[in-house]
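Given below, in the form of structure tokens, are the structures.
Here subunit A shows up in two complexes: once beside subunit B, once beside subunit C.
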Partner chain A sequence: MQVTRRQFFKLSAGGLATSTLAMLGMLPQNALADVRSYKLLRATETRNTCPYCSVGCGILMYSLGDGAKNAKSTIFHIEGDPDHPVNRGALCPKGAGLVDFVHSENRLKHPEVREPGAKEWKRISWEEAFERIARHMKQDRDAHFVEKNADGVTVNRWLTTGMLCASASSNETGWLSQKFVRSLGMLAVDNQARV
Partner chain B sequence: MALQSQDILRRSASPTQPPVAREHKIEVAKLIDVTTCIGCKACQVACAEWNDLRDEIGSNVGVYDNPADLSAQTWTVMRYNEVEENGKLEWLIRKDGCMHCADPGCLKACPSPGAIIQYANGIVDFQSEHCIGCGYCISGCPFDVPRLSQKDNKVYKCTLCSDRVMVGQEPACVKTCPTGAIRFGSKEDMTAFAGERVEDLKTRGFPNAGLYDPAGVGGTHVMYVLHHADKPGLYSGLRKNPTISPVVKLWKGLLKPLATIGFAAAGLFGFLHYIGVGPNRPDDDDGEDQA
Partner chain C sequence: MTNHWVDIKNANIIVVMGGNSAEAHPVGFRWVIEAKTRNKAKLIVIDPRFTRTASVADHYAPIRTGTDITFLSGVIRYLLETGKYNKEYTLAYTNAALLVNPDFQFSEGLFSGYDEATRKYDKATWSYQLDEKGFARRDATLQDPRCVLNLLKAHVARYTPEMVERICGTPKETFLMVCEHLAGTAAPDRTTSFLYALGWTQHSIGSQNIRTMAMVQLLLGNMGMAGGGVNALRGHSNIQGLTDIGLLSTSLPGYLTLPSEKEADLAAHLAKNTSKPLADGQMNYWQNYPKFFVSLMKSFWGDNASSGNNWGYDWLPKWDKGYDVLQYFEMMNQGKVNGYICQGFNPVASFPNKNKIVASLSRLKFLVIIDPLVTDTSTFWKNHGEQNDVKTEQIQTEVFRLPTTCFAEEDGAIINSGRWLQWHWKGADAPGEAIADVEILAGIFAKLKALYAKEGGAYPEPIMKLAWAYANPMAPKPEELAKEMNGKALADLADPKEPGKFLARKGELLPGFALLQADGSTSSGCWIFTGSWTQAGNQMARRDNTDTGFGNTPAWAWAWPANRRILYNRASARPDGTPWDPARQLIKWNGEKWVGIDVPDYKLDEPPGSAMAPFIMQAEGLGRLFALDKMAEGPFPEHYEPFESPIGTNPLHPKVVSNPAARVFKGDLADMGKADAFPYAATTYRLTEHFHYWTKNVRLNAILQPEQFVEIGEALAKEKGINHGDMVKVSSKRGYIKAKAVVTKRIKPLTVDGKTVHHVGIPIHWGYEGVAKKGFIANTLTPFVGDANTQTPEFKSFLVNVEKL
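Presenting the complex of A and B:
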């Protein structure tokens, strides 16, 4: 193809003018837009209770995967449970940020023990933890159990050990905790929520 | 989840009118009752959590405001004010963020086609892939809300959780609010509910209580119930009668068609000159060609 110098300039100028017009908004486009896609569409929804305080707000935890064998689920979003009578979907700033609490690097994930005189915490198994706690409780109770008071009245008190319960408990677990603790004679029962 | 184009009311820098057949879409609104807000910042946390934003952990600046200002990673902040009204100390806390104006200054100022969209339900949303990072929307906003990200040079602000609203849910901040100070519903219902609140406040020693839904920007889709509606400036400088800057109005309103006409006239003149007078011929006396 033969293009003279003058024709080449004309072609270039024409192209420049057309693209300028298009870029200046003269080219009609479809008025389309898109919202961010809804991120919970088929996520697994699990109900639970907020672990922070004694209000005991209901939460909905959303995790990756639909429960299939080959999918490893991990929680990526938490919001209030609108069907829970306590909070009806609302959450305080601590509850609203629970997902970062779940994935926190500082989160304690297994039992640890600091032996008398030791400076370091040492990881132990759940079985060992239960056994050690039971052993300590039994020894202390055997040594300090108060069966009768000064007047000879049967009181069955165990005053040297207390129990601190978690707040993320239903009424039923609260009832069970109370049964267990009181049947041992323990008086000092408290809840993490008051700390 | 591509939106049908009929759901769009307005589109930035676009001469083509979007289809407007769906005129029966319900206009939504968020009502922030400043009088029942306790400043707990659950809305800030829920916003960051839902929108997957984590701002840098800043430092204490001596007041409760934290972060101190909106940013590309913080789309809503609580602003705390200690003022003396009627001889009493009052702690006025306002949740700041995009007001979703009916006549959005950001959209008017935006030069990039389709970077700012107003949906039929009233939500004003940024389309990041079309954002060119010029920052005109920031100067166009009467409430100083959009923020330019230093990471990707795109502008961000509250979307009114358009992704949640489009599937029929309320925004994340509304859902989490423990005192029910933030409510969501149709603009009609929210206006009616605000009316009840204002009546109640008037009987409780706030005779100037009122709804903040400024007409200067055509009304907003985020409204406030204020104890002192006569003095919105008390609430971290909320403007009494916000309007789009006259510079933006002139540039995008009057000057734009004039400039287009001038542009077209210059092209037409060039064409007519070519037809009538013809192109410039090199002078024969010049003698350059022979040399």
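Presenting the complex of A and C:
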């Protein structure tokens, strides 16, 4: 569902877009000198949904970077999707600031650990993070897993570790989380719907 | 929402109560304005504060926080006393005429069956009178004193306009004006749409707030109608989806139930959850529970689930009680929890009594944070001065913080309040080493699996047997997971009507949940999503915004269930099939089947005039004015005071002040304040410029609303010598915050039970992390008690004191 502006204009050659371009003095054969290269013309447009409230406003994200190996794509503008039947191009003050969320200085960038009693974070690798977390979980699960209750009924539950799931994550993440927690025997599972 | 955002434009009356949609859902609120300008709709706002929604309303009614049941029960009384309700709808489509168990009763604030020691009800009498076939008895003449309608009349008789004014503080004339507006939509060609949000859920009586409104909508005949319905405006972008996928302590996807330990085997679980009809000729759709459950088991365990092992039933954990977050943090506080994973969740800021939350996290052995942003929870162990005064070196919790992608950096679907599954696409890579949530889960799971394979350990079977047939086991693709939820045929599914033909061939994605089977020949991770990704492709990615009528856009994205946009739409027509309002006909009978602009919510070939009632998920097919045993505190709603009440009594029954079925832990009860020391009714809320605790990390929003404040009415400010802009200390029994005072005309004192009650308004968006100015966690103040059904905390009604600093 990604259409670059360039492709869009190619597709609509001879249509309204072309005449608009001509009015802007941008029709190549008429150009006597280089015109300013508009950033939007080089942008890739990607459709997404606002991650904040549940109105589910459609958004258009504009990024630079054409997918080439050394050109890392980065989003520089986000606006409402005019085709969306609910928001019809509009966004609220939260949605209007989305590009600052994507590029927040408080985005996390590396796995870290805070050791017991420590005052600071320490950067670790993903491998170390997975290894240490899995070890913690297995130790706790092995020590506290309940196979049968007092009446001898098979209950297979693990109550000493729990998980909060994210109601801003996708359905697909939610489904894998459900498989993850239940296969381990967790019952202390909730998402923001609880609060 | 039973309806959807655009459908709000079809309403004649819009009531915003228990929410502030102009502020919290501003773009969705455009459809309210559309209804006002194009449909001449009237907007009524009922709220303790004169909100941004109230500022564009036709009518505003003030109300004391936590008294909505009184107000709405007063409305029900008005409708029944004056006869201004849709009698034909009520008789045919609700359980008004059904007869209730002769031993059911209500007296002095308690329903029959209460046990004070356990604070629970024995609900045996909360039932219908049954005939020899096991069907509910009914009196279509509505003369029997035990029919639901007559019991309801008697129950709400106490909620006079005078009582409403006494408890709610709403002037009697204002209340009656609202009643008249609502009653006008009992006409078949007029509807009310109710819009609510956390202002109704976050109470110890939250579920019954919503239920009382739903009863009003049934009496008015507004359920199933375009421009009607019960419309929950949900708080997060995919809170609907995570709920649908069952990420709650005792739930499974598609509103199936995780088995309890009382259901020792599969047969017991299916017997408990497979609905038996309570009336003749009903669809009773939950009779299909086994098909959905077995298909889920096939998605969980793949080929490892077979009839021989009861589809892996033993591999599921069985619960003894719900481990909701209040229960779990109570256990954590007692040192009974060792590990916790917070995926995109900030409990230090989001849960009540922040100091208890921090103390609880400090007792963990390990905490795993999975988030795109810095959260207050991730640094709970750091001393942030007065805002988080902890002794870091004494906190022995090992904290892992794992960076994940945000919305812009992944593909997938999220579900809006209108139940639309909308697919989105990745626009860029995540910063640094951040990876997707599914890769993090896969990474941990792969390590665990390897450790169990190598070392053995406690009951490894479910870990080893879990289906994980993804092309790259370390990075399952969203498409793979979406298809897994949709479900597929695991064998050729023969068409029972036409021998030799097949409904689906082995391996095909299923077009709808009607094809799901209980014999292991189908899989589906979430049956209500079946049809979202079919052989025809990803239906959630559809982008045809053609309006087929009344703002319905059936080819835009995909709505559960079955791409239906207005739930219960069979009730938009009379039993004989003629529409209540010919100008907004949603479905019609064409002589062979039901057709229309929406997917009919009914058996397609069931002709008009049959016995089958429109609420097909219910065992008797009817909307319930009497809730049977489905609610914790009673089959009828009753007013109970917040656990911290500014009047300290319940004018209806002084011996039962607050919700008798709400669970309160001992230490938390001792932490409840009284009006002598904490005289003001406080409520927390959100601002349009911020989203919960995320946007304090977002520069633009931090600029728009940089600094923490509380709102105080002019009268209280004068009494306390507080000027606009002064710093104030707001305290509850559990802690304090300091913030700027906004002195406003928008909060006025109310007269309640002969006393003057002031409200204090507390926006929630600040904390000790973020790019905005640092602030206090508002939930330092809030009480650790929840709704008796959902355990949603009582964030909207508690007591505080205010002092000038």
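Note that in this section the second predicted complex is superposed on the first by the 108 of 195 C-alpha atoms of A that agree within 3 Å, B and C clash if a C-alpha of one lies under 4 Å from a C-alpha of the other, contacts with A are read in each partner's own complex, and residues count from 1 in each chain.
Everything that follows uses one rule, which is that a contact is a pair of C-beta atoms (placed from the backbone, for glycine too) under 8 Å apart; a residue touches a chain by one contact, two chains touch by 3 or more.
Values in this document were obtained by computation on a predicted structure and should not be read as measured data.
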Contacts for A:D66 in the overlay, against subunit B (first) and subunit C (second): which applies, first, second, both or neither?
neither
Comparison of subunit B and subunit C by subunit A residues contacted
C
Which partner chains sit in contact with A:R36 here, subunit B, subunit C, both or neither? Use first/second/both/neither.
first
Quick check on the superposed pair: does A:A96 touch subunit B, subunit C, both, or neither? Answer first, second, both or neither.
both
Which partner chains sit in contact with A:E131 here, subunit B, subunit C, both or neither? Use first/second/both/neither.
second
Would you check which partner chain A:H77 touches, where first means subunit B only, second means subunit C only, and both and neither mean what they say?
first
Taking the contacts subunit A makes with subunit B in one complex and with subunit C in the other, which residues are shared?
78, 80, 87, 90-93, 95-97, 100
Report the residues of subunit B in contact with subunit A in the complex, numbered from low to high.
1-3, 5, 8, 11, 13-16, 18-19, 40-42, 44-46, 48-50, 113-114, 117, 119, 125, 127, 159, 162-164, 166-167, 172, 175-178, 180, 263, 267
What residues of subunit A sit close enough to touch subunit B in their complex?
17, 24-26, 28-39, 77-80, 82, 87, 89-93, 95-97, 99-100
Subunit C-facing residues of subunit A, complex
1-2, 44, 46-58, 61, 63, 65, 72-75, 78, 80, 83-87, 90-98, 100-102, 104-119, 121, 126, 129-138, 140-142, 144-145, 147, 149, 151, 153-195
